[in-house]
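We just call them A, B, C, D and E in the order they show up, numbering each chain from 1.
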Amino acid sequence: MDVIALSAEEWTAIRLSLRVSIVATLASLPFGIALALLLARGRFWGRSVLNGIVHLPLILPPVVTGYILLILFGRRGAIGSFLAEQLGIVLSFRWTGAALACAVMGFPLMVRSIRLSIEAIDAKLEEAAGTLGASPLFVFLTVTLPLMLPGVIAGMILAFAKAMGEFGATITFVSNIPGETQTLSAAIYTFTQVPGGDAGALRLTLVAIAISMLALLASEALARVIGKRIEGE
Amino acid sequence: MDVIALSAEEWTAIRLSLRVSIVATLASLPFGIALALLLARGRFWGRSVLNGIVHLPLILPPVVTGYILLILFGRRGAIGSFLAEQLGIVLSFRWTGAALACAVMGFPLMVRSIRLSIEAIDAKLEEAAGTLGASPLFVFLTVTLPLMLPGVIAGMILAFAKAMGEFGATITFVSNIPGETQTLSAAIYTFTQVPGGDAGALRLTLVAIAISMLALLASEALARVIGKRIEGE
Amino acid sequence: VLPQRSDAADKIVVFAAASMKNALDAANAAYLKETGTEVTSSYAASSALAKQVESGAPADVFISADLDWMDYLAKKNLIKADSRSNLLGNRIVLVAAKDKAKPVEIKAGFDLAGLLGDGRLAMGSVDSVPAGKYGKAALEKLGAWSSVEKKVAGAESVRAALALVSRGEAPYGIVYETDAAAEPGVSVVGVFPADSHPPIIYPVAVLADSKNPAASAYLQFLKSEKAAPFFTSQGFTILK
Amino acid sequence: MMLTVEARHRQGNFALDASFTAEGGVTAIFGRSGSGKSTLLRIIGGLLRPDSGRVALEDRLLLDTGARVSIPVHRRRFGHVFQEPRLFPHLSVRQNLNYGRWFAGLSADRSEFDRVVDLLGLGSLVDRRPGRLSGGEKQRVAIGRALLSSPRMLLMDEPLSALDDQRKAEILPFLERLRDDLKMPILYVSHSVPEVGRLADRVVMLREGRVDAIGTPSEILGIASVETGREAGSVISGRVLRRDPETGLFGIATRAGEVLLASEGLAIGKMVRLRIPAREVLLATQRPEGISALNVLEGHIAGIVPIRSGTMDIRVLCGGDIVHAQITEASVKRLSLAEGTHVFAVIKTVALDQA
Amino acid sequence: MMLTVEARHRQGNFALDASFTAEGGVTAIFGRSGSGKSTLLRIIGGLLRPDSGRVALEDRLLLDTGARVSIPVHRRRFGHVFQEPRLFPHLSVRQNLNYGRWFAGLSADRSEFDRVVDLLGLGSLVDRRPGRLSGGEKQRVAIGRALLSSPRMLLMDEPLSALDDQRKAEILPFLERLRDDLKMPILYVSHSVPEVGRLADRVVMLREGRVDAIGTPSEILGIASVETGREAGSVISGRVLRRDPETGLFGIATRAGEVLLASEGLAIGKMVRLRIPAREVLLATQRPEGISALNVLEGHIAGIVPIRSGTMDIRVLCGGDIVHAQITEASVKRLSLAEGTHVFAVIKTVALDQA
């Protein structure tokens, strides 16, 4: 099975993709939950605008998102230069930038899923928790959060899968540097751009599918366990 | 406001994008609902595999999805030749093909949202409907479907937004033919590929944002109306 | 392993048009063997790479698939003007699916529209993909453009255009000779005369921000006899 | 209409193993919390397929796990009032009420709708959504929804527990009419002895998933068991004999003698059932004089059973009916009551319920 | 502990405008379905902010819409038992029960947990999820959860309506102990007159969002109003005087004379309240002999009020207490009862409830 013998560079791309996808998913999770809460429960002016902004990465061609990221978070970008100078965080042409791009691209998917779950929660249970002495934060942690878990899981898996498949914004923002920003998807893309690259593209595609299937299966199993726990009512 | 003066070609791309996105969203909806039901309620062998396949377009780089579509639905593709010969449906180089590509790319998002909503439905209500004499189909139409509406709307808006932003799979599958398959996204992309195209890209990007924002606002308003109707419990 | 701004010396970072991957990977391997200097290449669309250079990418060398994006950087003084040269050339050819291939004489006034019938002409997108721009120029020069314009299917890349032809979606396509040579599903049925379109040139330059002293040596290597076989074997022509 | 039920089912630690038959009328299912009442109703209604069992209504087989027969819920057409309201949140009260009528074919009779809405006091609520109703209002809508679905049978799981006494007093006669006029079989889960005594033709007592006892209300509820607590009593039946034009009281001829009853609109000649709470029956060894109670039944003591410390259940055989009286041990001693003693059972007219 | 409530609130067509004060003990909220009971509890509990209003417990201001004061729910620490169970579906029964204890600080006393679990019969259920409980079991967990949260006050919305009589009989004394020993104020919504008569120190009668009447149970429930229906009665109080060693009955000294009561574990000298259902009181013009009823109170008729056709409410002033009797009009005529008539109120010992 020569097809599946992977080169060292390819292994690097796989490891990198995993790292990027996992970091992108986990790092965006708190923001995703916060925004989903804000959009589901908040009643403030500009809610629609915020909702629109969250959806932008979905609406725009990935290349455009990539350019916007480059302009904002690049070395010379408004936010990028601030992060670099004040916090020492450099995103441009780093794997962290790839993670940012993936996170941004998956963000609308994550927020929507979580928001849907929040909206399905019976507010009466939160009331009941309050009467038992739980402060709003505690109610959130012990009632709201566990009950929105199905949405959180769905959102995470969508974001992870998106991160595994995303390359348009990534390659535009942080380029396609092996070992640093060349994710699995970017590697696949590169293969599709050269003569005779099909076999390579196929091989890496199978790897991408295998990884994501494992993630999917794990998430389904997790969701089942949670579902079984809640079950009935 | 020269920036916003759009050429006739651009208007064509906008109209096309709207048509493609709307058709993609609506045409995939019944399949999306059916699959979401199957995944949420079905207990059959191969459920995980099916779930994986639905997620594939998310995981794979869009170019790869485009190639796969080409192989399957192209003139000589297994499905494409069948459709062309038996049903007279030609997808390649047609806007219908673009709609197919957009539908496929948005499908995992739609299915996930709907599935999440189905899983949040209280099965006790469906039981109650049954005791009142409603057959399973009727229960579905009068109880399940209305209660999963929030997820259906969320899924449709995600799919629509994705369709507006999608171009990788589309251009690979049906190319970039002005008036036939050149969507707004493809036009934006084209602008980004020529030096000095930034102004054009910006202009069309603003149009894309405006359209999607309108769709978002409409969907939010719709969801609010439904939410108000259900409210309480 | 983090690519620091390349004043960290020994490692060279090249931003190159995606279509050069096969040739450049081979050349880089040879360069490493010869000098012990590692070259990392980032392959993407020339447009993206140019914009990245503009926003401070840590690259030393840029190889563009057309002159436009190199000019774009030159205008902004982002390349070392004296290092710029035209590295490679290419040709565009007319291809057809292998089983349907019949030689076509490409000359002024040739009836491409007739050949296509109600089929499509696959080529790189004529506004955004360099091969598409060259193809359009050639067709205009040969007087065929107006009759085939409506039949053009603009693909996202030359590779995608090739796939359209080899899959039988389109009867004919215009692609680079380099790509056509490597695709078993298609045959070259005609070569566009060199004078029918602006010269197809892959320019190369060291970037203005590069502090890597090895960059110019690497450029010399690319232009040398030692590197030439890697390019010619992929179908590129060496420009002197 | 004969209902035959046989069901064995295990859920978690709980095992149901119950069988009974019930012929027409109201069958009350009685039992402590967790004894399997709702589970039994779910099985009969077709919502739960038991591990093994058989359910038949008249000659129609609804479930037979052995023969692999199982008529689906919606074809059983049993109006099911659940323990919680289960209203459709996306439909208005009116739509909820009408839901079952869609499937009931021609019963689209508006007067029926109006009658039920009126009975349940839902008039001002029909255009509201269930989310904006009070607890009792929801429960009433649930009852109405089941009633309006033209069911072949009613399965009611504590339907009146959230309602005030006055509303109960309005709904109970309606259920009685269903029972009597439409001959609709009703399975009725309740913890309320007065309700059961009044409605039920038959009581099935469940204990930990098994049928502990089955019989008429007077047989089951007369036994002052742990389950029935202080609400034990007797149920006797008789025919309406006359109406005293002066007092307006009805005279009911029972086997124990004539009994006076305050009621409204009883037809002469009609059979009625009377519930006599055991704790409200006084016993006297001589016919009491100058006393407000109008009903004095003569009989002999047929049995004395201690119920709880200091309290006895005395069965008095009057004519052919058994009247239970709960009195203190002290009184038993003081009056030297024993089996065979000739006694008068004194029952206040207002204490009598039409059952 | 004095609770002051004033609330005006409009929701849909319904307008609440209620104010009352309640000092310690149990305050029953009584009223028909839809009269605003749950809404009032929600306002007091801090779950609903009324259009305008004021709520204070002792000297602690909890809500004052005028002064823009509103203590959030979780700082009020009022144990709230809702009309529906509202259990946390993702937590086990044990975790549900323990939920409030996290916030109750040091009350992490296991014996308290065991006691409540025992009282409510939840022993075998603690490791289950709420989705797998019966209706009554859920309601019991909800009660336990509120009790275990060390509340400053209890708001109970029909807590016992889904429970069987025996379970009620076990829980009620526990609530009485909370009332008496911990002096915990309890607001108790119920449709059950016996429950209210037994528990409540005070009854607030709501009608269409307004306080219709407020007073002691005997004042309110003695009025045989539409709302209380047939369960009207009197509540009198007295001191435990002695225990008859032979019969085991307790003698209670009331202002109306000595009354015998069958009960368990009453301490000599303790104050108790007795509920006398009006329909169970017989009136006699001469002292009855040879009768099983042990309690005969002597008095004069203080008033006669017709309740419904054919039935009268007779107020008998015995000593200083009013005892209500419901008897038929026919009996009133036959015995020539009128205001001032000297009568004997005959009450069976078993009919007496300790309230």
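Here, a residue touches a chain if its C-beta (ideal position, glycine included) is under 8 Å from a C-beta of that chain, and two chains touch if they have at least 3 such contacts.
Not measured: the values here are computed from a predicted model.
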item: Intersection of contact partners for subunit D and subunit E; value: none
item: Inter-centroid spacing, subunit D versus subunit B (mean Cα positions, whole Å); value: 56
item: Subunit C and subunit E, separation of their C-alpha mean positions in angstrom; value: 89
item: Subunit D, residues touching no fewer than two other chains; value: 84, 132
item: Residues of subunit B engaged with two or more neighbouring chains; value: 63, 67, 124, 168, 189, 192, 233
item: Residues of subunit C whose C-beta touches two or more other chains; value: none
item: Touching pairs among all chains present in the structure; value: A-B, A-C, A-E, B-C, B-D, D-E
item: Subunit E residues touching subunit D - in the complex, by the definition given at the top; value: 11-13, 31-34, 37-39, 83-84, 121, 124, 128, 132, 134-137, 140, 157-158, 161-167, 169, 191, 193, 226-231, 244, 246-249, 260, 262, 264, 279-280, 282-286, 288-294, 309-311, 325-333, 335, 337, 346, 348-351
item: Sites on subunit B touched by subunit D in the complex; value: 124-125, 127-136, 138-139, 142-143, 146-147, 226, 229-233
item: Residue ranges of subunit A in contact with subunit B within the complex; value: 48, 51-52, 55-64, 67, 108-109, 112-113, 115-117, 119-120, 122, 124, 150-151, 154, 157-158, 161-162, 164-165, 167-168, 185, 188-189, 192, 201, 205, 208-209, 212-213, 216-217, 220, 227, 233
item: Sites on subunit C touched by subunit A in the complex; value: 1-3, 13, 15, 18-19, 21-22, 40-44, 48-49, 51-52, 55-59, 157, 159, 178-179, 181-183, 234
item: List of subunit A residues in touch with subunit C within their complex; value: 63, 66-67, 70-71, 74-77, 92-94, 171-172, 175-182, 189-190, 192-197
